[in-house]
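All chains are identified by letter, namely A, B, C, D, E and F, in their written order; residue positions are counted from 1 within each chain.
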Amino acid sequence: MTQTPKSKPFHRLLLTGAAGGLGRMLRERVKTWTEIVRLSDVADMGAAAEGEEIVRCDLADNAAVRAMMEGVQAVLHFGGISVEARFEPIMQANILGLYNLYEAVHKAGVKRVVYASSNHVTGFYQTTELVDATMPQRPDSFYGVSKCFGEALSRYYYDRFGIETVCLRIGSSFPEPRNARMMTTYLSYDDLVELIRCALFTPRVGHTIAFGNSDNDTTWWDNSQAAHLGYQPKDSSRAFAHLFPDTAERPPADDPTTIYQGGPFVLAGPQY
Amino acid sequence: MTQTPKSKPFHRLLLTGAAGGLGRMLRERVKTWTEIVRLSDVADMGAAAEGEEIVRCDLADNAAVRAMMEGVQAVLHFGGISVEARFEPIMQANILGLYNLYEAVHKAGVKRVVYASSNHVTGFYQTTELVDATMPQRPDSFYGVSKCFGEALSRYYYDRFGIETVCLRIGSSFPEPRNARMMTTYLSYDDLVELIRCALFTPRVGHTIAFGNSDNDTTWWDNSQAAHLGYQPKDSSRAFAHLFPDTAERPPADDPTTIYQGGPFVLAGPQY
Amino acid sequence: MTQTPKSKPFHRLLLTGAAGGLGRMLRERVKTWTEIVRLSDVADMGAAAEGEEIVRCDLADNAAVRAMMEGVQAVLHFGGISVEARFEPIMQANILGLYNLYEAVHKAGVKRVVYASSNHVTGFYQTTELVDATMPQRPDSFYGVSKCFGEALSRYYYDRFGIETVCLRIGSSFPEPRNARMMTTYLSYDDLVELIRCALFTPRVGHTIAFGNSDNDTTWWDNSQAAHLGYQPKDSSRAFAHLFPDTAERPPADDPTTIYQGGPFVLAGPQY
Amino acid sequence: MTQTPKSKPFHRLLLTGAAGGLGRMLRERVKTWTEIVRLSDVADMGAAAEGEEIVRCDLADNAAVRAMMEGVQAVLHFGGISVEARFEPIMQANILGLYNLYEAVHKAGVKRVVYASSNHVTGFYQTTELVDATMPQRPDSFYGVSKCFGEALSRYYYDRFGIETVCLRIGSSFPEPRNARMMTTYLSYDDLVELIRCALFTPRVGHTIAFGNSDNDTTWWDNSQAAHLGYQPKDSSRAFAHLFPDTAERPPADDPTTIYQGGPFVLAGPQY
Amino acid sequence: MTQTPKSKPFHRLLLTGAAGGLGRMLRERVKTWTEIVRLSDVADMGAAAEGEEIVRCDLADNAAVRAMMEGVQAVLHFGGISVEARFEPIMQANILGLYNLYEAVHKAGVKRVVYASSNHVTGFYQTTELVDATMPQRPDSFYGVSKCFGEALSRYYYDRFGIETVCLRIGSSFPEPRNARMMTTYLSYDDLVELIRCALFTPRVGHTIAFGNSDNDTTWWDNSQAAHLGYQPKDSSRAFAHLFPDTAERPPADDPTTIYQGGPFVLAGPQY
Amino acid sequence: MTQTPKSKPFHRLLLTGAAGGLGRMLRERVKTWTEIVRLSDVADMGAAAEGEEIVRCDLADNAAVRAMMEGVQAVLHFGGISVEARFEPIMQANILGLYNLYEAVHKAGVKRVVYASSNHVTGFYQTTELVDATMPQRPDSFYGVSKCFGEALSRYYYDRFGIETVCLRIGSSFPEPRNARMMTTYLSYDDLVELIRCALFTPRVGHTIAFGNSDNDTTWWDNSQAAHLGYQPKDSSRAFAHLFPDTAERPPADDPTTIYQGGPFVLAGPQY
């Protein structure tokens, strides 16, 4: 009896947040790299297609997360809450959930995590500043604060246990920019997939923080600290420049959403 | 009828963690600055003395924290868990508890918080490195990670709402150094009190991160980013040098507790 | 009665120095952005074409400058002296003149200025050094000193009054490089126009210092602090490499005009 | 015939601004270093005492300044306007006057200048920031802008002609602190004299920028770039701490004079 | 009698190490720049072709090196040992040999040297770090240490005698990458030749340290300090990506050859 | 039979260069720390006193060095040539000798070396610059180059084999300053001994570079990267200020020995 030669680098990848916007897009794209993709979300993900395993799971449920991790080689963690919300649910999903995830990763012997962090970790820097991965965090929201926690927790698991993580400070990953700010923060789906590929296959990443944006004309982020990943974006928001012409109305220069990189997030926190 | 002249700068300060080691020491010392000190802890604090108000309160109880904050002008936040422990209780006390505290601070119109952060926020730097407040966090424990969260959350409340916080990365504040490592990290009680005084009375602190150590011969921390506080330590661990003579046995140079600034904390995390 | 739709982003731009080398080139090019261009210079500018207003004005004349600013939305300040000269006329044109300009800007409610600074602000850095916008100025001439003044004055008007300025440290903007040094400092006309466009239309610029050079093979300038402008040069001096072949005679390596970035300017100051 | 042995290091020092507050104090103190002190001011300086030469001179008068410089070995330049004022007189005294001074210095072969710059060169940094001599200028007033000019001009004369200057960014040099801000910026007369001594006698100073403050508890300035001067302040504002007790009323933390290092200067510019 | 016009910028270049791998490749390529190439090696170089001079020479022989330098205008120093070996022969060839070379250079009045340094000067940085020319050396082998010596010696000859050197920290210059590590360190022959051209013809180089790699997707090196050279690589290891697919076996992430940039060199030192 | 309790931290220290100026001073002083001091030099060291072992040894003799290292716990390496000389003897003593020393250290299992480097490693920085341990070397002599080699070699032995070294960039260690330059570079014997003590007894030093100067008023060196050593100088050259009064003649400001930190060394190299 002959054995099928190994044609994909991974046997089983876990993709969390598979019912979310990016998760649905990645569901197909990750199959290039893995024979089996295990899909997880708290929401419904439909039926499992070929090469898929469906595990519905609340990240705040320690035992469930641990079970979900069995047999996994690497994790793409896109689960949790990815917009501003009240603190308590964010804490459950993005803080307790992340702890549960890393404990499971550790116990299952998983060696690498690609973690969907966010540009909102540094959203309170000004739009005239250039931010790199070594500068202090300045979160713009509870959501941003929870991602700061995630970067700290994953750093701990690397320093303490050698579990490698690439934290992707994702900009705005949509089919196209939705407002003028996204001309700077835009990350095309293809470029996001390429960035994840780099994060998965670079021989050693330690604990790397990488900004996720396409090759847009403007940028607020200096990604040189992640040069070892080899991420080379192929797309650019300039393909959409016609959507935001110089004649368009814009908020005044002293509007908080113009002053700060986080844009509308800087006003989206608790209202009293 | 004559009015008693104001003789103390604050009318009411809140001291959380009043039943803890540092809280018990501070209970008396803070009375220099305030007519009334409101004392809070989840544990028993004994009876209220003159000028004291006792509020027993679980920081994880949002409503209780909010009630505790009424009429307060400034907060010395020494509450929560200050050693390594399982993640869940740390999360309740140091993460949910801190959120509750800042929400109450915001709603009560309090303008300044002195927050007991910890050197364990950067405990995974090596003992041959000089760390300053602008360098990335490298927590050495779940406890350290929770303090990273606290620094991020307080930064957010400053950038978003203008609430000022001084984060004190306290070294080892005990009557005297308990081991050789504490010759570097020692912070005398008098120096801690002086540091808190600076944090309370500097006209503007924004969001300041300050290391808390006495004027010891060795240091791992560059406190120049907090020079505006005017903290001038008067004590030094060198008064205790005889306790740790050059002839003493020490762990080898390649022991993790010698390599990393966090000392024993770097091994104190989850055991499997 | 129907209203003509707005087809250009500005109603009236002021271009000073309109009779100068760059001013004459810009006179036509700016019309893309503005319905009316007001042209100003102390020298003759010929007759006003359609969409042009001609205001002959000495920048040292406070009242005249103030009158010139009426109804203006943004300023492209290319006026003043742009070569080395005696100090007194430079002071009149570039120092008193600039003060007059900013006072008028302030009083007229203009919100943004594009200021033609110069690479001669840093001309005494060596040609083996990489200069960025945060490094101390090292002017190479009285002209350069006057541009240092301009960067300081515009910084003040931003910090004090919120008037935004982009200081362009223009290299050598000519139809083509005129000597070997300009292979490094060359800025094509098209790239200058694009840089001005970025400076005008970036939603927020605060006080930005940007180097103005094309995408030449060699550079002495790190423009990353201006990444938020989104300036992407399209031209390069390499198109003119044949003019300065490796076989050409060059000044020796220890000639001041070779040692310092300012080239001939470093010798052009007062002669005794 | 015997020759009197040289007992003072300089034969003739020029002190400009001799009628001003610091000038009057320095008039006696500089005699330690020089056989003759030439005193200059636009205002009356009284009669010449032994070892003094009086030269009344408007710095804006090129010929007069040149005459004043004859026979001088080094210059202490404390002349000009040292408070916020209208731009034109500041320009005459601090810009044209400084040009005249350096031209005269150059022609007379003077090799060293001690230049009274000001902390208002960086007055728009925040009171939570630590400023050093390599950071960009952020002037808080026309006065501050004129001192930025002076630092640039003196840099030019050093790079071009080798004339050495020490720019002293003087804090608040008075008999004692006059307000709470001066607890940070205080420079005692003795310490100022010592700083000038260091600036005069260090064998080589090139172009040095040094902050002038006493050994106060709080500071906003990192003077390490001037460590080669060997300036060691002996006084401290803490001797005056009782004048500004913690119980004193202070402006709120979000008042511009509290936010920015320049204090009242940040509001002292042109009023409309 | 007519004179042949000068058609090549140099009359005589010296290429040392001409029998080595890179030397053999360069032997032909350098003829573009020089009428005569003097070839030197301790090993046999075959017969001299047109425009060639053959000088067999042991670099450790001071007199021979001095003779070899007669009439030379510039040196491409690729001689010595370029792999890990015992210390003594490395010292003879790379330390004593280099001293001999620079003494001869000095005495012969040669003004510029292109020195083949190596990435192994910084081989003990981790593969997640970005190294630039200003960071401390971290050699990974005796070979690397000898190149550290070379960078220090050439710096001395520049600071003391004005002899210019470009130190090329060459990555892996082969026809194609030989292992996965070389996907990052690859330097094509064409790009090496271009880098040498830049090093020879930039009007002034002082003492420049430049990393030598092609435009590969991943990099560990920030070459911005050599921007004045104008080196623009045209090739990239991505042309060979198919040789090292994501499915390939790789050493584990915690293998020293994966952790450190030096790869196998970090284990190649003395074995006991 | 009772055993004498251990009263000194080391059993046997090796002091090389014991016949040199610093070696003779240290010979007695080190006995505080060690029961036996093994003394080594190529020159005569007199007879062995109690607690001393004399080993006459040429550092260039590999076997002799290896024998000398038997039974040694730590090394104070003050041997070799410590002034400018011809290159060949420097290479034998300071390059080959150092290699021999570290090979012997490695084979004997010695874990820590205190290495007498020199300020001449950075002697070509200017006397207006502040140098720290992370900045590139700029040696001022062959001697300085040999110490650059030593810092690189010891770095290699640490990164590769974990052998810890403290490189002491010793200033001018004499009973008192011998010239005006030494007012800045002075290191008293007591302070040198204290610095060595710190280097020996700090629990972990990795590879540390420390500047060796007393608490002089002026300094060119920022020693903060060695703060973990806890070196606190007690002496200062200001005790000798009367030897170099302000009235003394000094070399002009543009003399190389005044411009560069290395002083006379910058002119002491090869003469032609």
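As a working rule, a contact is a pair of C-beta atoms (placed from the backbone, for glycine too) under 8 Å apart; a residue touches a chain by one contact, two chains touch by 3 or more.
Values in this document were obtained by computation on a predicted structure and should not be read as measured data.
Any chain that touches chain A and also touches chain C is listed here: E. Two copies of one sequence, chain A and chain E, touch each other mainly through non-matching residues, since under half of the numbers at the interface are common to both. For the pair chain A and chain D, the distance between mean C-alpha positions equals 53 Å.
Averaging C-alpha coordinates per chain places the centre of chain D 41 Å away from that of chain F.
Taking the mean of the C-alpha atoms as each chain's centre, chain A and chain B sit 33 Å apart.
Multi-chain contact residues of chain E, defined as those touching 2 or more other chains: none present.
Listed by chain label, the pairs that touch are A-B, A-C, A-E, B-D, B-F, C-D, C-E, D-F, E-F. Chain B makes touch with chain F in their complex at residues 126-130, 180, 184, 216-220, 222, 246-247, 250-251, 253-254, 258-259. Note for the complex: chain E touches chain F at residues 87-88, 91, 95-96, 99, 103, 106-107, 124, 133-142, 144-145, 148-149, 152-153, 155-156, 159-160, 266, 269-270, 272. Those residues of chain C that touch chain A in the complex are listed here as 6-9, 33, 111-112, 162, 164, 197, 200-208, 224-225, 227-232.
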